[in-house]
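We call the chains A, B, C and D, going by the order they appear; numbering starts again at 1 in every chain.
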Amino acid sequence: MNFDLDTEHLDLAAAAREFLSASASPAAARAALDGGAAVRPGREELVKSGFATITWPDSGGSVLHLAVVAEQAGRVLAGPSLVTYARAAVLLDGDEERLAGIADGSLAVAVVDDDGPVLDAAGATTFLALRDGALVCGPGEVTVRAPIDATRGLGDVALGETTVLVPDAAARWRRADRVGRTILAAEGLGAAACLLDMGVAYAGQRQAFGRAIGSYQAVKHMLVDVYVEVEQLRSLVWWAAWAADHAPGELPLAAAAAKAAAATTLEHAAETAIQVHGGAGFTWEHDAHLYWRRAKVDRFLLGDDTAAFDEVARLAMGAAS
Amino acid sequence: MNFDLDTEHLDLAAAAREFLSASASPAAARAALDGGAAVRPGREELVKSGFATITWPDSGGSVLHLAVVAEQAGRVLAGPSLVTYARAAVLLDGDEERLAGIADGSLAVAVVDDDGPVLDAAGATTFLALRDGALVCGPGEVTVRAPIDATRGLGDVALGETTVLVPDAAARWRRADRVGRTILAAEGLGAAACLLDMGVAYAGQRQAFGRAIGSYQAVKHMLVDVYVEVEQLRSLVWWAAWAADHAPGELPLAAAAAKAAAATTLEHAAETAIQVHGGAGFTWEHDAHLYWRRAKVDRFLLGDDTAAFDEVARLAMGAAS
Amino acid sequence: MDFDDTPDEAAWRTRVRAFLEQSRPDPDDPRGWQAALYEAGFVGVAWPVEAGGRGGTLMQQAIVDQEMARLGLPALINLIGIGMCGPTVIMHGSADQKSRYLQRLLRADDLWCQLFSEPEAGSDLAALRTRAVREPGGGWRITGQKVWTTLAHLADYGILLTRTDPGVPKHRGLTMFVVDMSAPGVTVRPLRQMNGDAHFNEVFFDDVAIPDSERLGEPGDGWRVALTTLMSERLSLGGGGTGIGPKPEAVARHVAAHLGALSADRQALARQQLGRGYVAALGARYTGYRQLSRISRGELPGPEASAGKLSGTRSARDLTDLAVRVLGEDARVAGDIWQNAQAVLPGMAIAGGSDQVLRNIIGERVLGLPAEPRADKGVTFRESIG
Amino acid sequence: MDFDDTPDEAAWRTRVRAFLEQSRPDPDDPRGWQAALYEAGFVGVAWPVEAGGRGGTLMQQAIVDQEMARLGLPALINLIGIGMCGPTVIMHGSADQKSRYLQRLLRADDLWCQLFSEPEAGSDLAALRTRAVREPGGGWRITGQKVWTTLAHLADYGILLTRTDPGVPKHRGLTMFVVDMSAPGVTVRPLRQMNGDAHFNEVFFDDVAIPDSERLGEPGDGWRVALTTLMSERLSLGGGGTGIGPKPEAVARHVAAHLGALSADRQALARQQLGRGYVAALGARYTGYRQLSRISRGELPGPEASAGKLSGTRSARDLTDLAVRVLGEDARVAGDIWQNAQAVLPGMAIAGGSDQVLRNIIGERVLGLPAEPRADKGVTFRESIG
């Protein structure tokens, strides 16, 4: 058994971290929220880096590779989401022209899930959707909505004239959804791990009543509970990504579990980080609320946490009976 | 505003405590569980004391009086439950003969809720039930079931030939149910408060690493959370009892809230007490598990906690719209 | 047991209600609104007459508060002054200070703020660093920074806790002053919270002069003076923290309006979440009534009054979360009042005593559990900051 | 990344499986079952050859454990001996002790127990009071009481932690022995747990003689010896606490069987509770695989291995609660396996390190948060007990 990242993955993580932390940051997320500054790194830089298209046919990358990158993207609240690229790769599998268009930056896509605001709709010109069981593609009118987390680029999409790309695409759509949930969970993992680091660092340094607040059980145990959740989320993300690459039969359960765990873990990590930071933690200038905003949005993306828990239960009971 | 017990209630509580702690105890509950010893104080002593029939027409007592007694009964895990008497008083209102029979010990009643095991079925000879909207009364065959908490006397009841006592009794039945939930919550309050006392006493005295374990935040804060819940449960029990006596319009919400809060608070108090007591807390000889057993049974009596929360929500939304 | 007013209370309530029902406060003139209420006798009800108050009872004050809330009237602008600063001046001020400040405070001629917390002194307030240095002439010079100061941008005066002697243990080297917020060297900077609003301020003191006559209490006695302030805060809060977060009735109304759009499964889940939050909110509300009953009998609220805040932050969080969830697809974007409410709540668990500090207080002072050994005991402030 | 065996591991698994699949253990002869496994080479796999073991890897041992669990075969009777007592003798025993004890232990000729906890020394193990007094002839006399001793009623030997010097700080005055459980003065009394079963024992020592040759490690060095034992416990647990409580698959099967009897609302609630518990259980399981991967690479599990126990006690509680709830009306009475499972769980949060102690360990040793000041530091044991 070797359920751990290999050297290759660790090198990839380091490279992604270097690129992403130079091009995105909580400060950029704040600027996007505050004055409508562009989301960073943005589509252009992201595809240029090659990280977004790592699961493209010729890139030789796996979903696990993309998950490793996505964790780093989550740490710095990068946008647009790698979820969008992960889903596009599955949906457009075989459509070399469009995949090349995304990779060279000429095609800006978003994936339309339901009637609600769409992830990465801001700046997208081409939309992929499931209509009557067919994968369709077309332009759309985007109304960007007032953001909770501006890096998610959510907007309402009114689809224009669409073309059918794949007539019988339900299975493909479901796989894209599950790979997307896996990558969403990986971004959540990065954000949660970053919040934990922030909390631990502050608790180790901030003094109250003559000692570091992290020495008090109330603070220490709060952080430990987050640590346990973050590590278990990490395990679920790896499992889901591995299943996407190697065990399609395990993907439905693994992806739903990862999605659900990411939603609750990130929310818990964000609320704990704010609490540990005391007064400073709920100021605009502190980074904590930017991650908290991410948590409040992400839990509702690609189906909400309630739907994911429900799916886990149905799959578990189905497998058991 | 005088939302507090009066001297009269406090005197009653003291008298009830004296009687009940002399006649019942966790040790008696353990003996009942272990070797099938009789439940204490038992029907005979309980009616002789007058406390059980305090809401009888001529006793001049209110539901609040009975709630005050019930709290003390809960503290020592007394049986049978005062819930049975509280409901009988409402159901048999006007039926002087039967009420007198219960009061002089010649009639041993239980109230049948649904198809499941019935509270205080053990030793009962006469059963009250709602059949097609009518209050009926009759003998029954009791099969006592293996107890979780032996003091609850749960058994399956096969009703024999019944007589209709009140033809159109739905409203009366509902009121009896709500008064019963109030008294059940009062017993739960007593049990939870006793568990809190046990936990606080132990945490103040037990030493680890050179100081009392109650000085550690992990233990202290656990107990504080229980304290807050217990005091809020107390407020809800008083409110529900007061509403039963003076504000029937508030009783449905108050009784459902008290029932729900009692279920969760008692369970939380029991689990915390066991945790605080460490190894000693999960031994047979320690009293904690007897209260824990009470918690595990009571949450399912007179409708479970889930049903009570659902009812609170429906009533709240009904009142709001 | 009853929820009724005593005859005296009922008479008072009638009088209050009659006045309030015909009042039409101008939203652009909060000072005028408070002044009008003061002239009518409904501000500082429980303050002594010689302090400009009415010499009434805490219950009478609570009735005024209840009636104002019931009618949805705007809160008093000088809330901090009335609840915290004024009582401190009453207890520790000189006759001169009392005559200059108290009536004007009640009438909102002057607005007040409370300058205690600092970036490095939150839960551990006594660790504050703002220095007051005595001048040869007897006056004082203040340098330092305060934070989380409500109303500082409008306030005329503030009560200011400073360190005058770093050479003694931290609780013993503090001194309290009244500071003129328009004095040279005082800078107020609004502080944005995570929801984007700026309810609080940072206040900087750069060599600000305060005459010795503006001292409150003896030099070195500032901690005892500050405890009066904090005790008064508890008194003025009343109701056991039931004011935290949205009213449960408002959430129930909102959920009821959106319930029909949800699937049957989601409706069942929403009812569970609403029921749990609602029961907790009712528990806190009726526990607040027990505290009010004690006040009605003339007793003072004890440390157990903080219990409502502990459960209140929790139930407010759960109820607000539900309110957001029932928005469905719109829950992903901002623009709804519940989204904003959600972003206020994390601060609630910290402001006015963090959950952790409140649990310590209740554990030790209500349950009688032993305190933790104090690492900073007997150490001088100077040593403690290394 | 893969979940596959290495070629060596796969070959080993094939061999193990072939043997286990044809084995037919007699439930009335647990010693015989262990002996048969030992003769086949599947007990003490990772123990050194000179200790009677096979000189194999921890991963090989883990594969044996996995295959036994997969086939539902009975656990080894001498689990405590193999996991905790034996490794302690290997590390600290004399050549004579090793030759007398180790192989017999692996073969279940002798059963062993571990005598550490006392009524007054649980989480704070080093506060133990059982006294060992040196006799003029060099032997020792033991008086005191141990508790929570698994298997003491069957054990032939035990490793016994005693206090030999109350005049030094508590960690320094301890000494470890091997005790013959049939020695005069040893009394074993079963201890019933809250579910009515008696898995543990109290053990009383009334002036029990132990020769000095049965000492494990130097006098006063008992704490260091005990740490070896506790470290071995962590090693032998593996899998990150996923063994706590019922298997999530079993709960899912049970819930699925009862779901049809519930209302649609209750079904939705049940699925939420199952989903939450199941996700937590999967999270713990796959985190356990990460630890196993480390073992497979030859690394030792660190303090983070305790994380699974923290979440495991929680998810086991929630899943078992659901399993009871779906019984409907029958949930009010006993007689179902889930009712019994429920009554075992409160002990799980305490046994093998309370949740509070584990959180301290992870907080300090994994997250690097500062330790609390120790009230008992440098105080002699005699002083500490007043």
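In this section, a contact is a pair of C-beta atoms (placed from the backbone, for glycine too) under 8 Å apart; a residue touches a chain by one contact, two chains touch by 3 or more.
The shown structure was predicted, so the numbers you read here are calculated from the model rather than taken from an experiment.
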| item | value |
| --- | --- |
| Taking each chain's C-alpha mean as its centre, the one farthest from subunit A | B |
| Distance from subunit C to subunit A - Cα centre to Cα centre, in angstrom | 40 |
| Subunit C and subunit D: spacing of chain centres that average the CA atoms, whole Å | 51 |
| Sites on subunit C at which at least two other chains make contact | 265-266, 268-269, 272, 356, 359, 373, 375 |
| Of all residues in subunit B, the ones touching two or more other chains | 211, 216-218, 221, 306, 310 |
| Category of the chain touch graph - line, ring, star, complete, other | complete |
| Residues of subunit D defined as touching subunit C within the complex | 264-269, 272, 373, 375 |
| Contacting residues of subunit A [partner subunit B, same complex] | 216-218, 221 |
| Complex contacts: residues of subunit C adjacent to subunit B | 1-5, 9, 59, 248-250, 252-253, 255-257, 259, 268, 270-272, 274-276, 278-280, 282-284, 286-287, 289-290, 292-294, 296-297, 304, 307, 310-311, 356, 359-360, 362-364, 366-373 |
| Residues on subunit D engaged by subunit B in the complex (per definition of touch) | 117, 119-120, 122-124, 127, 147-148, 191-194, 196, 265-266, 269, 324-325, 328-335, 339, 342-343, 346-347, 349-351, 354-356, 359, 374-377, 379, 384 |
| Residue ranges of subunit A in contact with subunit D within the complex | 1-6, 9, 64, 200, 203-204, 211-212, 214-217, 220-221, 223-225, 227-229, 231-236, 238-239, 242, 246, 253, 257, 260-261, 306, 308-314, 316-321 |
